[in-house]
Each structure stands twice: as structure tokens, then as C-alpha cells.
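All chains are identified by letter, namely A, B, C and D, in their written order; residue positions are counted from 1 within each chain.
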């Protein structure tokens, strides 16, 4: 295919012409930039085919994927032709909206469905899927040279992210321990930091807050000074999703934990401490004073949409939300800026809790080796670079992608502060929760308690007491406490 | 003729013995439903187990323990309270409103028929989508209802996001969606009532309020019961509207049975608790419905006897 | 025998409706089933038609046992009290229904329906739906439908009940001839004794789930088997007075208002028995005060009916008595008067059982169950 | 009626207006929204003055969602088709199974008929989730998972009891004499069922079918749990407008309008059955 075009790309790859020169050349042949970039990857993929690995081993196999409706999936689909060409396999996929995606995954896996070979998941979910026996430990594949191509470069994955997807299955067991199983392969991830509307900040003469007290103050100031916008967007729906982004990132920055693990492996609630109480009080106060009026129904898309529409001055949430909202079509496009945020004034750096979109392999699948071919391609450096530079496959989980000059400069020009923020936060970025099977019960309850506190149904200290009691009771009931 | 029928063998046609006929007619429907019974019993078994998907090794029969735990579980009592409140409020308001509208539209006229069909539109809006609509309208930022609230001086109306107005908001949505259902059943009922008693009452100059209480309402009762039966069952099992509006929040203000059970299953993967919750919901519905149906059959029988 | 019912028992939800009922109807004859409402007449017809099955007993038509035979295979025609027309079909299609069931040709159906319609004078409304028909037209349509299939057995369930008086009068004249022309065995149900007397070769009176009396119209009227039947036949209703026969010089008698009413000789055996005296209103007449056995009464009120005048009188002891006389004949309309009793027409019943105590010179042919 | 006073007329008029306003305004508002972009929807205060655009409908029908960061493929039209297919077939099956059963319960009182009828109705009492969750496993085992057949079967859970209960009432209201008359006239049981009972209960059956259709159409959870993306109905499909690049309110609104349209068209078409058909006295002629 496209022989003439390919030559042009080849010479770009060999450093003969500049990227712009190549694109111009391709455009003169009637290709759009998007198509062209797929072509670039086609060449990269062809290079991949030269590395001696038998890519065609499962030629003719048909895979089926279960995907969340997400830019990561879009980026993969845009590049899928190259995978098919590389391996001779065919790929089908089901995409579900995020509102129902995980319920769909649970329904499919719990019924023992053999329909899907691989699927998108978050690391937290594997704490259920793994022990339930629905997904495979991927270490068996990563370490097997006959199954994994030599250029896969597993070590290239950011360590905190990679470890966050590995757990030994023991309640309270440390993530990334030596006996951990790799339940999923990180794909793209989110750090929770500050994204603010620089236009609004400038107009209201606000400075970017650097710790929790400043955050509370700046949010209140923003709300007071800016007409038609509230101070800070954080999530508030009755769900685990309310706890894991900004809230836990700041919480962990004070050295606080969700659960204590005793020496004999018993778990107990750890959120009823003085520091925690102070943190909760400030957080609750911040939402009461300057949060979204309908905070208690806010999920990430409300937080993001409001920011993009200029309805909030800033968010303490996933960095990629600001990244997406900075694109065309949102009224505040181009106005969003990014800043690392350490809630604890005494902390050296932010400690963002992270969300990792990952790929997992269904145990019930009938063609696991072939599925692994797809997974290693989709999480490999070539697709990673393609997605990060040409699509919205951000944040990448590979060091090599972050080191890519083209990617860094692209981010720097359009997303001020993004790269710095990432670099500063990355060392402390990991999952700060204790891995255990009641994760969703306890975090949902935590969120519900936050809602009660914000609604002033009960004071913070009383709420924390109740939460602690309830968490301990549930842990005991499940035989974990 | 008579001699012919005597000698000739009965005409050869496919005939099912009278004794089996009813079963032949009802069995297919029954079988289809029985297929659904098997999972039902599986669910009963789940409810008697300690069963979390995330702890398969700990799965075992604990018999009534899930149910016993409810006794001391404030979350359960809250669920019960919220569900009953929700059902009572929605069905109550819908019944009054539906009856009122049906009375307004009782007379057969082009206009009334047109209005009654138009009013069915909310019923045709899937509850999941209706909730989306109302979420758009009650958005504190740009929602038109929030804007109107400010116009009449309610500055900080947060609708479903505020614990004090969350129930009100979901009840409004439920009322919006389901009142037409009651309305249409009652309208049909009103229009099918015999005319004579009303004409007689009018001739005798009986006050209209009296006619309503003493003639209309009693004659309408079977229709009311059918409407209420279906509504109560659905209302106490409400899921779509509440889940779409608030997922049971804020706090635990709206954690009705099905929402709680859904979250228990899909998020906590606590199958045992989820199934036990649903079993209790089933029992409540069963008891309520039995009462309704017994009364309904009795009333119907009586109406038939009079006719 | 065309139609034989033997020991039929049928109950609904524990209520015994028919209790060992037996009947026979000869081929081509008309039997009138007479009885008060709730006596089980309609149930009986449905049993014969086969739409319900008896709990016990046997039904046979033309010698063939009907047990297990579906209604459509019984060769029956039936007209319902409430017409039971098919509301979604025209009068024509209603009438044609039995013919289509017999898979007749189009032209046969056409001519069959037409001739019946002509006979019943409903040709002009054949295209109408039942709700566009008057009650009389509905009734005729229903009748036509019952006749259309030329059934062996014709069941007519009080077909004149729901039509107005004028039409009923007309039909009472027309129907017997029509039925005779059919040459079918007919069972005709009615609650109207005059209809019963006008239509039947025989009348079967049922009450309490049993046949109480079967006989010719005259037999039923003149010798009702019990007080119930006596009361049911006759308009105005028979006067029933509690009496106790006494033996006197001239033979057995009873006293009505201290006046002697002689009884036939064979009632000697009934002296001092608690009895009821049945006096048809026609058996009483106004007489002069001086005539023998005249009973003084006070005339309360008088009601002129079409062909007769009915008077309500009260005896000195306060017993109410009804008299009937042909319209146009003179009589007091109010105030004191005297009445005389036609002793030969007096009926004597046992007070405890209500059964007729037959007089010797009266032949009772009807069976008494 | 000359006795209606002016005051009463005004009160009635006001009441009807309020009712129409409450029930119709949301639809009207969403209708307006469906012709707007996010920009005008998000204005404060909300206004009815805007420049209408057809982009929302165009992108729904063409199946491409122009987002801020990417062009997204959506399958709203195929969702719409699924809804239509699932509802129509489920109601058809429900009628085929339910109408004869309803007739048996109404007209052929038999041993245990009340119990069986109640049992059938009681399937409606079972919370859908209770049955649905174990059902996923069984469907997997017997190969009904992710099939239209399996879905249609589960849809009977909502459709069948409704049809049974309503249609039974209509059959009971057909005077038995009319059916007897037909039998006696020489027609068999089945002929009587099809030529007499069915036409007479027709409006009721139509009304029950229509209501069942609405409930099937509105269902959300069954297909979501039991089937793959290509078999999802509009109720699930409408959620696809909530994307990483924000919530596209205009498209949600257009999606809602499109999803109401088919049921509404059906109701308009069958309106005389709905109101008149539900009147139990329909067959007393």
C-alpha cells in the first residue's frame, strides 16, 4: 500500500527529512495529517515486524475486546489497522459508555462469558477481578520470551504505575511486592493535580494555591470575585470515584492512610485520626463555601465540563480532564493551565493518587496467547508514542514516551505547566489505597459520609467516628478485620 | 339431519380434550415464566450464602445470617424507610393527580382526547432518559428550573444534590413519568362507567361532590386498584430514575432497595447481601400485591354480581 | 323420545342448582319450561346445549348420549334471553353463522338468510350491526339465527323477556306457528304463565332444582301440584287462605268468614287437617247480600286491566281477597259488598307441604315429583 | 351543560393549562435544546431565543459525534433499531403467549386457574435484578447470552404479566352467552376463540400491547447486563453522549427526542385503542 507515501515516511524515520517536511509532502499527495500519522505508525509497525518475533503466529484469529468509551480506546482503534496488518489477526470490539461500563464488565466476567478476550479496566477493579478468578496474572506472559516480543520493554513502564497494577491478592498486601501478580497492564493514567482557568485567575488576581489552606482560601476568593463561577470543582457523587482523585491525593500528602494493616494481616479503619479530622474539616469547608452547588452529584464529567465552560475557577482532579477541556469546542479552550499540588505545606512534592486505565485478560477467554499479542502491541512503545503524539493517549505510562521531545514540546505549547507538573509529581504518583476486596464498599461509604458532612447533617468528628465503626464492622463481617 | 349425525362418525378434526384445553392455552406462558423461576431460586440460594465475588474462597452457606445482619444494620433500615417513603409519596401524588386529570378530561371530546394522548408523552420517555432531562433542567448552572427558582426568590435551589430536596426532586420526576399511566387507566375506567346512575343523580339534583364520593369513586375502585397495584410494585422497586439522578445519594437519602442491591452487586460484588436485600423487597411486593389482588378480585366479583 | 334428561345434578360453587332432574320431550313437541327466576331453567338449557356439563346424570338427544359431545356437534339451535348477538357482525352474518358452520355454499346461505329474514320481517336491517337494531329487531335476528341451522332441538330461553309489551303481544301470536313449522323438538323457557299456556304442548314447572309438575296447560292451571305452582300460574295471583276442613251435615266443608264453603266428599279424610284453600280470583264473584254463603267484605280498591277488572276486598277478619271479572261487567268499586265462592273451583292444599290434596272427581295426570 | 358556571369554566381551564404545562414543558424544553449547541444551552439565564441548528440530529443520524478532541463513532441509529426490534418482537411474543393464557384464566375456570394466574402475575413482583443476576450465568451456560432470543425471553418478564392481567379483564367482560351462541351455532372452540373472543377483546388487546410496548421500550437494565454493544437499546445508547470531552447536552436532547418519537407515533396512531380500548365496557353491545 501507498508505496510512494511510505518512502517519504521512511526517509522521515531515517532522519532524512523533518516531520513537517514529511507531513507537507504527504499532504501534497492528498493525505490528511491524521491518516498520515497512522501511516507513520505503519512504518514503525513494520519495523516492529523485523525484530525476529513471530507476529504472524496467531494469524487468522479473531479477538473481541470490551472497551470503555474513552479517548484511549479511540486512539487504539485509529491505529488498529496496523495491528491487523502486523499479525494477520482480526479484532472486534464492544464500546460501552462509562456510566455503565464497569457494570457491564462485572456482568460479563461474573457470568463466565467467553465473549471477550481482553478488556479495559482500572487497577482498583482488579482487586475484585483477580481474587474472583476472572483475570490472569500477566507475569507469565511478560516474562516469556516466546510470547513477548523483544522490543516490548516492560521496564520502560513508569514504576509507580506498573506496581500499582500488581498485587499479591492478600488483603492489605503491598502493591508491587515481590510475590505480586500483574493483574493488568497499565495503558494510560491520570494524576490528580490542579487545573485552573488562567483567564479567570488573571482577571480576579488570584494566585495558584500551593497547599490545602491556600486552596480553601483561593477557592472562596474565586467564588466571591468571579461572577457565574464557583471556586473549585471536585467530585462528590455517592461513589468510590469521589474519594480516589483530589481527595485522597491531598489526604495521602499528609501521610494519612485509609486502612491500617496489623502484623497478622488484619485490617482496620485508619481515617479517624487528628490529622485526618483536620483534613476532612477543611475539605468539607471548602466544598460548602466554594464547591459546585450540585457537588453531591458531580462525577468527573461534570467537574470537567464546568471547568471547560468557565463555570469553575479550578479543579483538583485528574490532570487529563483539563487536558481534554483545553481542546476546541469548549469556551475556555486555551485558558486552562496546570499546577502540581501538595496539600501538606510540609511535603516535598505532591503525592497524587492515580487512576490507571489498563488492559486485562479474561480468564474465560479461549485464545489467551493471541490476546496477549494484542495487549503487548497496544501497550507497546510504538503505539504509546503514536497515541500520545497524534491522539489523546495521555498520560502515557512509558518513560520513553515522556522522554520524547516531540511529545513534550507538543504538551508544552498547548498545555502550559503540564509537563512540569507531571515530572514533579510522577515520583510520588501511585495508588495510595490499601489493596483489599472491600475497596468499593468502603470508599462508597466514605463518599456518602462526606456528603452528609457537607450537607451538615452531622459534624466531621462524629461522622468520622461513625465511618470508622462501620468500616471496622464491615471488615470483620468479611473476615478481614 | 338427526339421523345423519347419529350414524356418521364425528367429523375428523384436531380436538383437544376439554379437560386439557385450559392447560394447553396457559402452559406456554407458564413455561416461559418458569424458565425465569430457576434463576429466582438461585438468587434465593445466594441470599443464604456469605458470597462476595471478590472473596470466592470465603463463600459458604451462612443461612439466615445475611438477614439477621439486617436487623442491626442501620443502612438496611434506612433503605426500608426510604423505599416505603418513596413508594408512598409517588403513588399517593400520582393517584390524586391522575384522578384529577382523568376527571378533567372525562368528557369525550376531540380536545380532551388529544390532550390525553399528549399527556402520555412522559410515559413514553424512558425513565432513564427522563431523569437525564430533569437533570438538564435542574442543573444549578444553566437549568431552566433552577433559574425560575431564583426568579421566585429561592436562591440556592440544589434539587437532587441537596439532602433536603433530593426526595422531592426524584418524586417530581417519578410523578412526571408515571402520572399519565394512572391517568389513562382511570380515564378509561371513568368512560366505561354506566351512565344511568349519573343521569339519575343529576335529575334528582344530587350534589356533585356527593355523586363523586358515593357513585363515581366506588365504581372506579377496581380501576384504581389495578393502577395502584402496578404503580406500587414499580415504585417500590424503582431503580432507573433514582440511579440516574443521584445513584442513591446525597448521603444515603435515596438508597432504595434496588439501588442499594445494584451497588452491592456491581460495585461491592457482595452477592449475598444484594440477593438478601432483593428477597426482602420481593417479599414486601408480594404481600402488598396479594392484598391488592384479593381486594380487586372481591370487588370485581361484587361488581359482576350486581350487573 | 327426542330429548331425554335423566337425574341431572349440577351445582355451582357448592350451590345445588339442579337436583336430580328428569325430563322427556317427544320429537316435534314443544315443552315449556316454567319456573321462577333462579329455578335453574337457563342452566338446564345450557346443559342441553352442551356449553356446560352436568355433574351427574345423562342427556340424550335422538337416542344418542350427549356426554362429551361438543355444543357444535349437538344439532341444536338456541335463542338467548339477552339475544347474545355477535356485536361485531351484521345481522346477516349473525343469521348466517350456523350455515357457515355447516360449510354451506354461498348461495344456499344467501337464500337461507333471506327467507328467514322475510319470514321474520327483518329484511331491511340485514346489513346493520346489532347495536343499530331495535330490541325487537335484535330479538328477531336472534330467533332467525337459532332457526337458520334447521336444528333438531330448538332451545328458546325466554326470548320475549327483553322486548316491549307490544312486540311481545305480536310475537305471542306469531311464534307458536313459526315453531310448529320448524318440526323441531322445542324447549321454551319462560317466566310468564300466559306465554307458557300459549306455547306449550306440555309445561314442565321447575322449582328448587327439580321438576315439580309436568302437564298440559289446562292441567297445570286447574290442578297445580302445590301452592307454589298455583301461585305462579294465574294473574292476579291465587287467593290462599288458611283453613281447617270440618265435617258437617252436608259433608266436608271449610269456613270462610263464618260462611260454609262445601268441599268434595273425598275430603272427609282431611277433616281437622291444617290446610290451605286456593281460590282463583276468577272463581269469586260479587253476589247480593242475601244469596247463600255470601261473604261480607269491604272493597278496598279496583284496578281495571285490559280484558278484566281486578278488585281487592277485605273480609271482616282482615283477610285480603282478590277477585277478577271480565272487563265491562258491573261490580262495586269501593265500599261494602258480598262475594260468593264457586266451590267446585276451590283447591285444597296441605298446609305443611303445600301439596295439592286432589279431589276425587278431578283427574290428575301430571306427575308430581 | 348549561349549569357550568363561568367560575368553574375558568377553574377547569386553569387546571388543564397547569397540567399541560407541567407534563409538556420538559419535553418542549428538551425539544428546543435539541436544536442548540452547548454554547447556547449553557447560557445564564436560559433563553428561548437562539439560532437553531440541526447538527445534533445530523450527527446522531450519520453516526459521527464531532467532539473537541476527536471524531467519535456512535451507533445511536442502531440503538434505535434495537429498541424497536426488541420491543416489537417481545410484545408480539408476549401477545402470542399471553392472550390464550388470559383467555383460559378468564373463560375456562379450571382447577388451580386462580393460582396459576396469580403465579404468572407474581413474576411481575420479582425485582428484575433478583432474576437478572443469576440469569447471566445460566444464559452463558445455555448459550443465550448476547442473543436477541435470550433478550426477548427476559423481556417477557415485564411484558407478559401486564398483557395477561389486562387482557384477562377484557375476556371476562365478554358475555359468555355470545360465545355459547357461536358454539351452538356449530362452530368449534378455536373458531369461537378467533372469530368471537379475539375481535371483541381486540381494543383491549391493542391497548395492553401498546402499554407493554411502552414498558419494553423504556427498559434499560436487561440488555445492558445480558447483551453486547451491538444489541443495546436507545436507553443505554443515550448515555454515549457523555464523553471525556464533556457532556454534549444538545445531542442528549436530540437523542431523547428521537427515542420518544417512535412510541409517540405509535400512540398517536393507536390513540383510539388506548383510551377507548382500556375501557372495560367496550364489548357490551
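Please note the rule applied: a residue touches a chain if its C-beta (ideal position, glycine included) is under 8 Å from a C-beta of that chain, and two chains touch if they have at least 3 such contacts.
The structure displayed is predicted, hence computed values, not measured ones.
In summary, the chains found to touch both chain B and chain C are D. Chain centres here are C-alpha means, and the one lying farthest from chain D is C.
Chain B has its Cα centroid 41 Å from the Cα centroid of chain A. As a whole-number value, the distance joining the C-alpha centres of chain B and chain D reads 14 Å. The mean-CA centres of chain C and chain D are about 56 angstrom from one another, to the nearest whole unit.
Shared contact sites, meaning residues of chain B that touch two or more other chains, fall at 15, 141, 262, 265. Residue positions of chain D touching 2 or more other chains, listed in rising order: 42, 44, 137, 188-189.
For chain A, residues touching at least two other chains, in rising order: 103, 107, 110, 309, 311.
Touching chain B in their complex are the following residues of chain D: 12, 15-16, 19-20, 22-24, 26-27, 29-30, 33, 41-46, 97-98, 100-101, 103-105, 108, 110, 113-114, 116, 118-135, 137-138, 153-154, 156-157, 160, 162, 164-165, 169, 172, 188-189, 207, 211, 214, 217-221, 234-235, 238, 249, 252-253, 255-256, 259-260, 263-264, 267-268, 271, 274-282.
Touching chain A in their complex are the following residues of chain D: 38-39, 42, 44, 66-70, 72, 136-137, 139-141, 145-146, 224-226, 228-230, 232, 236, 239-240, 242-247. Partner chain B is touched in their complex by these residues of chain A: 102-103, 106-107, 110, 127-128, 131-133, 236-240, 292-297, 306, 309, 311, 437-438, 440-441, 444, 447-449, 451-452, 455, 457, 477-479.
Every residue of chain B that touches chain D in the complex is listed here, in rising order: 13, 15, 21-23, 25-26, 28-30, 32-33, 35-36, 38-40, 42-43, 46, 100-101, 104-105, 113, 115-130, 132-134, 136-137, 141-144, 147, 176, 179-181, 184-185, 187-189, 191-194, 226, 230, 233, 237, 239-240, 257-258, 261-262, 265, 271, 274-275, 278-279, 281-282, 285-286, 289, 293, 297, 300. Residues 52-58, 69, 135, 139-141, 156, 158-164, 245-252, 262-263, 265-270 of chain B are the ones that touch chain A when the two sit in their complex.
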